[in-house]
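As written, the chains take the letters A, B, C and D, and residue 1 is the first residue of each chain.
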Amino acid sequence: MSTQKKQTSLKHRLHEIIYEADTPSGKLFDVVLLIAILASILFVMLESVQSINDTYGDLLNIAEWVITILFSIEYVLRIISINKPWKYIFSFYGIIDLLSTIPKYVSLILVGSHNLAALRALRLLRVFRILKLARYIGESNRLLLALRASRAKIAVFLFFVLILCIILGTVMYMVEGAENGFTSIPRSVYWAIVTLTTVGYGDIAPGTPLGQLIASVIMILGYAIIAIPTGIVSSEMVRAKIHTNTQACPNCLKENHQDGAVFCYHCGHELNE
Amino acid sequence: MSTQKKQTSLKHRLHEIIYEADTPSGKLFDVVLLIAILASILFVMLESVQSINDTYGDLLNIAEWVITILFSIEYVLRIISINKPWKYIFSFYGIIDLLSTIPKYVSLILVGSHNLAALRALRLLRVFRILKLARYIGESNRLLLALRASRAKIAVFLFFVLILCIILGTVMYMVEGAENGFTSIPRSVYWAIVTLTTVGYGDIAPGTPLGQLIASVIMILGYAIIAIPTGIVSSEMVRAKIHTNTQACPNCLKENHQDGAVFCYHCGHELNE
Amino acid sequence: MSTQKKQTSLKHRLHEIIYEADTPSGKLFDVVLLIAILASILFVMLESVQSINDTYGDLLNIAEWVITILFSIEYVLRIISINKPWKYIFSFYGIIDLLSTIPKYVSLILVGSHNLAALRALRLLRVFRILKLARYIGESNRLLLALRASRAKIAVFLFFVLILCIILGTVMYMVEGAENGFTSIPRSVYWAIVTLTTVGYGDIAPGTPLGQLIASVIMILGYAIIAIPTGIVSSEMVRAKIHTNTQACPNCLKENHQDGAVFCYHCGHELNE
Amino acid sequence: MSTQKKQTSLKHRLHEIIYEADTPSGKLFDVVLLIAILASILFVMLESVQSINDTYGDLLNIAEWVITILFSIEYVLRIISINKPWKYIFSFYGIIDLLSTIPKYVSLILVGSHNLAALRALRLLRVFRILKLARYIGESNRLLLALRASRAKIAVFLFFVLILCIILGTVMYMVEGAENGFTSIPRSVYWAIVTLTTVGYGDIAPGTPLGQLIASVIMILGYAIIAIPTGIVSSEMVRAKIHTNTQACPNCLKENHQDGAVFCYHCGHELNE
C-alpha cells in the first residue's frame, strides 16, 4: 500500500513537472524541452547541407539520436503520468509528439525518412503554453474564430479560383504549346496558378503575343481578386470587433453597449449583466 | 392514352432523377455525374502529358469517348425531361453542358480542339447544388452581391491601371530599348502589367539604372495601389455586415432600418420589433 | 454685324459639338474622337513592333500623321470655340490634348520621340464624360476622396519603406557582393524594392546562406507590411460608408441617422434637412 | 561669472539652433542638415558603383570625409548644448547619429565598413520634425498605435507562417531533391518563404509534377492567408476610426465612451458634452 502510494505520488509529481508550467520544476522542464526542440530542428536542417554533413555528419547523427531517445522517454513519461493516456495519445499534441519521434527510428529501415523529423517544428506551438502567453492564445483563438466564420466564403472563393486556373491553363496550353514551355495541361494549370497568385517564378513564361495578352488578363484578374479573401477576413474581423456586447438596456432597450458597460449610455439605467 | 400517361410518368420520373437532389435516385445520379466530370477532366489533363499519352493514349481516348457519349445522353435526357426545354438550353448550366460535350466531336474534324473539354471544369460548379450546400450558395451569393456593389469602382480602378500601364510601358520602351528585351511597346506594356501586379516573371527585366529606377517606382506604386481594390471590397463587405436589420416599416414598407431603430426613418411610424 | 452674329453662332455651334455630349452631333463627335484616340494608340503600338513596321511602316506613318493633323485641328477648334481659351489650355485635359499632339511634330526633329504619342492614352479618360457615366465619375470621385484622406498616412508609409529598402539594400550589398549580382548599392536597393514589394523578378537573387536568410526576413516583412496601406485605405472607405449623414435630431440630438432619413430613428421627431 | 554667463548663453543659443526648429537659424540648420544627409547617402551609393568609383573615387572619398567630420562636430555640439547629455546619447536619434558617424572612421581599420554609412538613411526620419509636419507625426503615431494593437496577432500569424514554411520546405526537399535545386532543407525553407510570400524569384523552381502540385498548394495558401495580416490591421484601424469619442466621465474618469453617449457607461453619471 505504501508502494502504491509512492507510485501515485511519483505519478502526481511527474504530471506536475510535465503537464504544468506553474511550478519552477515544471517551468524548467518546459524551457529545456523547447531548447531541445529548437536544437533538433537545427540538427536536421544542418545535416541536409552537404558540406556540413561531410564534416560533422557523425556528430549530428549522434546528437539527433540523443534527442530522439530523450523525446521517446518524454513520450512514455507523458503516457504514464496521465490518468487517461488515450486522451493524450489521440490529442493534437499527442499525435505530433509521436510523429516527431518515430522518423528517426524509421530511418533505420527507410533511408531519408529522418528528414520528416522536421515535423518537430509543430511541437514549437507549445511555446504559447510554455510562455504562459494567455494573451497570445486568446489572440490566436480570436484569429481562428474569424477564420472559421469566413471558412465557407473562402472555400467558395478557392473553388472558383481552381476552376478558373484549370480553364485558363488549358487555353494557354492551346495558345502557347510545348515550344514555349507549356508542355502539358497540368503544367499549364500550374503556370496559371503561379500567375494568378502573383508569385510569377518565370520558369514558364508566355512567348507569343496572344499568350502574353491572356497572361496580362490573368495577372490583372489575380491582382483584383486578391481583394476578395482580404475583404472577407477584414469584414469578419471588423464585425467581431464591433458586436461584442449583446446586452439590451432593461429601461430603453438600447443595444450596442460598450464592452464592460454597467449603465446604459443613453438613459443611464443600470444594465443587467 | 395509357401510353401517354406512361410517357408523362416516365418524364416525371426522369425529371426527378436528373433535376432534383432530394430523392435517393436523384442524389445517386448527381454523385455519379460529379465523379464522371472529375474523371473526364483528369483524362483530358493526362492525355496532354506526352509520356502518359505515348503509353495510355488509346485507353484515354476510349475513356473520353465513353464519357462524352454519356454526357451527350444526359444532355438529351435533360432536354426531354423538362417542360420548357429552351429555358434549360439557354440557361447558364445548359450552355456549359453543351460546350462540355461538343469539343470531343469537333476534334474529329479539328485536331486539338478536344482540349476544350477542360471547359467541363465549369460543370463542377454543380457541386454546390449536389451537396445541397444551401449555406455555400448563400455565401457565394453574398460574395457576388458585395462584388456587384463594388463593380463600378473596380472598373474605374482597372481602367486607370490599364492607362497607367500603357504610358509606363511606352516610357520603359524608350528608356530600355530592344537590347534589354523591351522589343516593342505592346511587350513593354505586358512587362508593366507583370511588374505593377507584382507578378514579376523576370523574363524581361530592366537593365539600365534609369530603367531600374522607373521599375522601382512602378513596383512601389503597384504595392500601394493594391490597397484600392482591397479597400473597395472590404468596405462593401463591412457595410453588408453592418446593415443586417431586416425590418420593414408597417406603415410605408421602407426597409434598411438602422440596428435598434424604434421609429421608421422615413415616415416616423413606430416599427414592430 | 451680321457677320459677327454668324461668327458667334458658329462659335456657339462648335462649342455645342465639341464640349457638350447631350446633342446628337455632340455625341457623334465624342464617339468619333474616342475611336480616333484608340486607333492612334494602336498605331503607335504596332509601329514599335519590328516585324509589323517592316511591312506596314509607311501606312502606319501616314495614318499617324492623319490622326495627328485631325487632333491638331480639334485642338485649335477647342481654343476658338470657348470663351476663356486660357482656362482650357491650362486645364488637365487641355495639357493632355497638347501633349498628345506635339510628339509627332517633334519626331521630325528628334527621332523616336513620336512614341510619346502613347500619352494619348490619357485622353481615354474622356470616356467617362462621353459615356455620360455620372455614376462612374461619382465612384471615381469617392475613390479619390478616400485616397486623399489617407494621403498623409500613405506618404509616411512609403517614406519608411524607402528608408528600409536603402538600409536593407546596403546590408545585402555587403553580405552578397558583386559575385552574386549585387554589384552596387543602388542595384542592391533596387533588389530590396523588388523583394519587399513581392515582385521578385529573379534577375538578382541572393546566393549565400546569410543573404538568403536576410532575404527571407525582407520577404516576410513585405508580406506583413502590405497590410498597412490596405488597412489605411480600407478603414478610410469604411468610414466614408458609415458616416455619410451628419444630421442631429432637433428633439433628442441623436446622430448617425441613415442616409435620406426624414424622421429620427429613436424618438420619431421630424429631422431638419 | 561673466564668462560662465556667456557660456550658458552660448549653450542656450546652440540648443536653440540645433534642437529647435522655430527660429530662422534653427530652421536653416535643420534644412542644411537634411541636405547633408541626403548628399552623404548619395555619395556612399555612388562610390559603390564600380565605373563611378574608378573616375571620381578620390573626390567622393574627400566629400564623405568632409561630411563625416561635419557630422562629428554636430554630434559633439549636440552633447554639449544639452543639459542631460546621456538622455540624448541613449535616445533613438542619439544612437542613430552615432552609428551614422563612426563607420567612416572604422573604415580606416576595417576596409568596406564605410558602406554602413547608409545607416544615415535613418537620420532622414528627422524630416518629419524639420518640416514641422505635426500632422504627419500624428498620422505615423496613429499608424504605430494601430500596429501596436495588432502586434500580438501579427506575431502569432508570423510564427505560424514560419512553422508552415519549415515543414513545407522539408517536404519539398524530400520530393524534389538536389537535382532540382532543393539542395538542403534551409534552402528549401528559403524557397517555401519565397513562394508563400508570392515573391517567386524563380532561382529555385519545382521540376517534378508532385513538386509542382505541392508548390501550387503553397501558392494558393499564400494567396489566401495574406488576407490575415490585412484583416487584422484593417479591423484595428476601423476600430480606431469608430471610437473617436475623447470624453472622460466627470465622475469616474472612465474614457472610451460611445459616440453620442449621454451617460457614462460605467457609473451612470451624466457626461459633459
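Everything below uses one rule, namely that a residue touches a chain if its C-beta (ideal position, glycine included) is under 8 Å from a C-beta of that chain, and two chains touch if they have at least 3 such contacts.
Remember, predicted model here, so these are calculated numbers, not experimental data.
Participant: Note down the smallest number of touching-chain steps it takes to go from chain A to chain D.
Facilitator: Steps on the shortest route: 1.
Participant: Would you indicate which option in C-D, B-D or A-C repeats the interface seen between A-D, with over half of the contact pairs matching by residue number?
Facilitator: Matching more than half of the contact pairs of A-D: C-D.
Participant: Between chain pairs A-B and B-D, which one is joined by a greater number of C-beta pairs in contact?
Facilitator: A-B
Participant: If you average the Cα atoms of chain B and of chain D to get two centres, how far apart are those centres in Å?
Facilitator: Computed value for the inter-centroid distance: 41 Å.
Participant: In whole angstrom, what separates the CA-based centres of chain A and chain B?
Facilitator: Chain centroid spacing, chain A to chain B, equals 29 Å.
Participant: Show the residues in chain D shared as contacts by 2 or more other chains, in ascending order.
Facilitator: Within chain D, residues 157, 186, 189, 198-202, 222, 226, 230, 232, 234, 238, 242 contact more than one other chain.
Participant: Examine which chains touch each other and state the graph shape they make (line, ring, star, complete, other).
Facilitator: Complete.
Participant: Hey, which residues of chain D end up touching chain B in the complex?
Facilitator: These residues of chain D touch chain B: 198-202, 230, 234, 238.
Participant: In their shared complex, at which residues does chain D touch chain C?
Facilitator: It is residues 41, 44-45, 48-50, 112, 115-116, 118-119, 121-122, 124-125, 127-128, 135-136, 139-140, 142-143, 146-147, 154, 157-158, 161-162, 186-187, 189-190, 193-194, 196-203, 222, 226, 229-230, 232-234, 236-238, 240-242, 259-260 of chain D that touch chain C.
Participant: Could you list, by residue number, the parts of chain A that touch chain B in their complex?
Facilitator: My answer: residues 152-153, 155-157, 159, 163, 166-167, 169-170, 173-174, 178, 183-186, 189, 195, 198-202, 205, 209, 212-213, 215-216, 219-220, 222-224, 226-228, 230-232, 234-235, 238-239, 242, 253-256.
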